[in-house]
Amino acid sequence: MTLKFALLGAGRIGKVHARAIAGNPDAELAFVADPVADAARAIAEQYSCRVSTIDEIAADPTVDAVIICTPTNTHADLIEMFARAGKAIFCEKPVDLDVARAESCLKVVRDTGAKLMLGFQRRYDPHFAAVKKAISDGRIGEVEMIQIVSRDPGAPPMDYIKTSGGIFRDMTIHDFDMARFLLGEEPATVYATGSVLTDKTIEGVDYDSASVTLTTASGKHCTISNSRRATYGYDQRVEVHGSKGAVSVENQRPVTIELAAGDGFTRPPLHDFFMTRYVEAYAAEIAAFVSVLKDGASPSPSGEDGLRALKLADAALRSAKQGVVVVL
Amino acid sequence: MTLKFALLGAGRIGKVHARAIAGNPDAELAFVADPVADAARAIAEQYSCRVSTIDEIAADPTVDAVIICTPTNTHADLIEMFARAGKAIFCEKPVDLDVARAESCLKVVRDTGAKLMLGFQRRYDPHFAAVKKAISDGRIGEVEMIQIVSRDPGAPPMDYIKTSGGIFRDMTIHDFDMARFLLGEEPATVYATGSVLTDKTIEGVDYDSASVTLTTASGKHCTISNSRRATYGYDQRVEVHGSKGAVSVENQRPVTIELAAGDGFTRPPLHDFFMTRYVEAYAAEIAAFVSVLKDGASPSPSGEDGLRALKLADAALRSAKQGVVVVL
Amino acid sequence: MTLKFALLGAGRIGKVHARAIAGNPDAELAFVADPVADAARAIAEQYSCRVSTIDEIAADPTVDAVIICTPTNTHADLIEMFARAGKAIFCEKPVDLDVARAESCLKVVRDTGAKLMLGFQRRYDPHFAAVKKAISDGRIGEVEMIQIVSRDPGAPPMDYIKTSGGIFRDMTIHDFDMARFLLGEEPATVYATGSVLTDKTIEGVDYDSASVTLTTASGKHCTISNSRRATYGYDQRVEVHGSKGAVSVENQRPVTIELAAGDGFTRPPLHDFFMTRYVEAYAAEIAAFVSVLKDGASPSPSGEDGLRALKLADAALRSAKQGVVVVL
Amino acid sequence: MTLKFALLGAGRIGKVHARAIAGNPDAELAFVADPVADAARAIAEQYSCRVSTIDEIAADPTVDAVIICTPTNTHADLIEMFARAGKAIFCEKPVDLDVARAESCLKVVRDTGAKLMLGFQRRYDPHFAAVKKAISDGRIGEVEMIQIVSRDPGAPPMDYIKTSGGIFRDMTIHDFDMARFLLGEEPATVYATGSVLTDKTIEGVDYDSASVTLTTASGKHCTISNSRRATYGYDQRVEVHGSKGAVSVENQRPVTIELAAGDGFTRPPLHDFFMTRYVEAYAAEIAAFVSVLKDGASPSPSGEDGLRALKLADAALRSAKQGVVVVL
């Protein structure tokens, strides 16, 4: 039986998910809704689905699941609405930028028994997933120290930054999820420091460069290094050091040739965009969500995972602002 | 306007092309034909196209192009048939294992003015294409010496080998096409040597290990190293050395992590199959064929390219059998 | 004119410097002193120099310079003694484990005008030096964020640990020097956390795993990751991220072959010892010291550099013990 | 007991061996002879040895071994002279450019029972030696196919080329020795092709670009690719493909940093000179020769190894000139 999906939000990330659904043999994109009529229509035409509204979708008994790709400030309301409507929900991160609101929303999810999966796609990237598997398989022994480097090719526009919740809630939050995913233990302390190095116009609004250290009760460490600028492309690395060895992810580039000349040996820059870097991850993420519906798998990351990452982001912001170590 | 495609042959490579056509915004898979009814039906269902017959497809004026993925010994007849029917033709290599038959077929193509493109997908792999572009852009100066290494993870079954035309016409032919593509000059001499090293049961039937050297009139060299066995995966490399530098393609692996432990630093094996290795190439190849139809681009590789690669394969076989250098 | 050197301390590192002096065309090893007579004699025989005593060496007007490789708790006294004797001094780090004692010693150095160079050999490693040069040459623009990873193959014996001053003063101090060398700006805050993960017997005595974050007044960050265990060898990396790009050092291995097989592509482990890893650095360090004497070059690292690194180590220890961010 | 060495020839390679002898704990450089008095004196001063003559050295009963670094056309005579004088002999390759002369010389060596080792230093490079060891340890199973790439940064001067015996006897001969060393079986056929691509002024005198294929009786292949020009440095690679896997040597560069910027990720060029590339090999080669004298180890490569490599060079030249496959 093919599962019927509705897509809420036909923007950039909505298109990515539409393609993933269309390419999944167990799923069918039945509806798309977006206040921007042209955007909805474009997706409807490309994937032969119907333009609809949020209310109609919630009321339609044939709809199995919704993919929420709307603006962040609508996520919690939509999650509650579709949880009550009995639909399975995949929502782009975060549930909400406010911890209290996220918690009240997740209470509704629990009370309704709805299935909710959050969009930290990096867990489904084949390379990061292989790191996780190497750890689970005992290849590096006990995890001890993790280094995460995550750098964007360039900063988003000021308008985006102002509503993003800041670098820790917008960008580092992916690294917090990855840290929890790989540490296998909750962080107990957070130290963070932030600077404005790449674009002075955001001074006072946000940081563009951040370093974070997490520690756990058993003494594991995780450091995260973020920058909103990397001239060489989208830098996404993780390295896990354990008692028996270490495992790391190499950066990805669209073309892997090497040119040798008098000035040395040069390989091309990395992907310049998260959507091309994580194209396999987005497809695998939807496949995992389909598996939640079909096979009863637990959603990973869950709403709770999203909440915990958000709390780490809040702690990091407090640490950076006040120059203190935050004990959780 | 969307181009209407018919797929002839619903086997392994047929499925690959069906997916590429379905994913191309300018193309539509309208028909599929295969003597194995189940195979045709499976593709028809997955891509919402109709099962048909070769004769109906040839007679249907709405069909713009055919993709020929049938057994090698039917290629020449089908090319002629669809050339006469006024269809554009994409045909898996080779036109025919026999040079004379390939030549007579290509005469029909010329006489009818049909558009024919051959399936040497490697030209469209983004990495090999980037090597070609680096050369065209003058990054390595004048091409001087090329090394091609091409090794399969394992040998095909004996049944396949017996009808394959032998390693030079079946496997090395891709390398001959790549050599011509990158040399920018026709080979003038061929030296080849073949051995049976990986599977003694093919002794007398075929070689499983081969080395070839091509030279051109201006003194360029190209060496090719083939093996039907590579324990570490599907080995596909090329390196071009020129007057100003060199450019090479790195091998591709599905997962790029690195594990460090007491026995060293280990990266996973390569792709183990040409279809996963060249997934991007197959899509790009069909896109190029679409562009031939829509924009009037010249087919590359053309039928003539296929013929020249075949002639090199024949020369290599003669060189290996007789222990002589063949002057073309 | 060849410079006459005396070596104080004929242990492990003393031998390294003896070889470096012997191989330097402008230097001659004239004397060696060590309370262990056999150790001194072995060096004297190998390099055709004379066994002597510290007092004789200080009194000998033909001695131009001394190399101090004695136990740490003798460094400050010996530096003062030879500064007063008018000799140039190369001393293994640190001047002293106590900041006040180091400061009083450096006052004597200043007052006597003695030339003092400290043994942070990593500055002279060709690879780290090339990173520094890339920065100085403006290749990466303004330095923004530095990651240093420094891991020993295994922990030193408990006896060593007890007198070492702890991981920050013994091991991280090299990274603090490298951080200052590359940041081009003094650290303003220090955050450090330490754990006992590899050897529970040192619990309460020292840490074996440490993470440190330094920030500067202008907002640059440097993170340091240390472990006393790395199964894959002596891990020594640095990566500097700047406004125009990034530059990093690759790890070094004695043999650079790659083995490809069914389980992947494996390169051998790294060097397993700092002395083989830094063999070129030790020779270059002595050459630089010779250049201080011959050409009047400024000693780098100076005694002041050693003191600053020590103060960072003290701050790190306080941060780790008290769970606070230390503002310098 | 320390072995007494005499160095014949104080040129470029003579200096390299003088340093290796001086650094070897079991050897002592006692004498140096060279018709250029200044060259001999320079070495005598640096290593505290005596300037002497060839006749005196041959007559001196205290001399254990000679290192012959004189011009090629003197090698055979000197080998015979010192074989008759009862000295152990290390001679730079080749014994002679003429096979018949080399054979008559080696007859004298056999008849006198002299120990003769030839200077193919590449066997002693730690990286190539590790490849050999991986094969001997059975890591790649049965050797099947070898690729050797050997490219010089630039061509030698015309004067050198004219007396060098041509690219096959001068440059490829090292690759022939490496091929034999790794194949574990004598070549049975030789195919070679040569071109003038980098410097038209040597047309008719020599080739500057060459490709060679060797096969053995059991069907193993080895291809060699040579060029007198490589803009990116001294290119020295070998890759051995076997039934269980493959092993390869990475190229060596003096500095292993990586710079990342908008145009990609760049590592510095390779060594630009064989003497810096093979510095460890030259020391290990002399150590092996010392071991021949002290421990009775068999010389490797022997005079016979040198002769066989020379015969392959002669066969390659004939193949290239006549366009035929030479059966040995």
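A, B, C and D label the chains in the order they appear, each numbered from 1.
Rule of thumb we're sticking to: contacts are C-beta pairs under 8 Å (C-beta built on N, C-alpha and C of every residue); 3 or more make two chains touch, one makes a residue touch a chain.
The chain lineup, named per UniProt: A, B, C, D = Myo-inositol 2-dehydrogenase/D-chiro-inositol 1-dehydrogenase.
Note that the structure is a prediction, hence the values are computed from the model and not measured.
Using C-alpha centroids, which chain lies at the maximum separation from chain C?
B
Would you mind pulling out the distance in Å between where the CA atoms of chain A average out and where those of chain C do?
Roughly 42 Å separates the two chain centres.
Distance between chain A and chain D based on Cα centroids, please, to the nearest Å.
Chain centres of chain A and chain D, defined by C-alpha means, are spaced 57 Å apart.
Residues of chain B that contact two or more other chains, please.
Within chain B, the residues that touch at least two other chains are 230-232, 244-246, 260-262, 268.
Take each protein chain as a node, join two nodes whenever their chains touch, and name the resulting shape: line, ring, star, complete or other.
Contact map by chain: complete.
What residues of chain D sit close enough to touch chain B in their complex?
These residues of chain D touch chain B: 142, 144-145, 147, 149, 151, 189, 191, 193, 195-198, 209, 211, 213, 215, 219-221, 223, 225, 227, 229-232, 241, 243-246, 323-325, 327.
Using the touch definition up top, name the residues of chain C that touch chain D in the complex.
Answer in residue numbers: 46, 126-127, 130-131, 134, 139-140, 244-250, 252, 254-262, 268.
Within their complex, state which residues of chain D touch chain A.
231-232, 260-269
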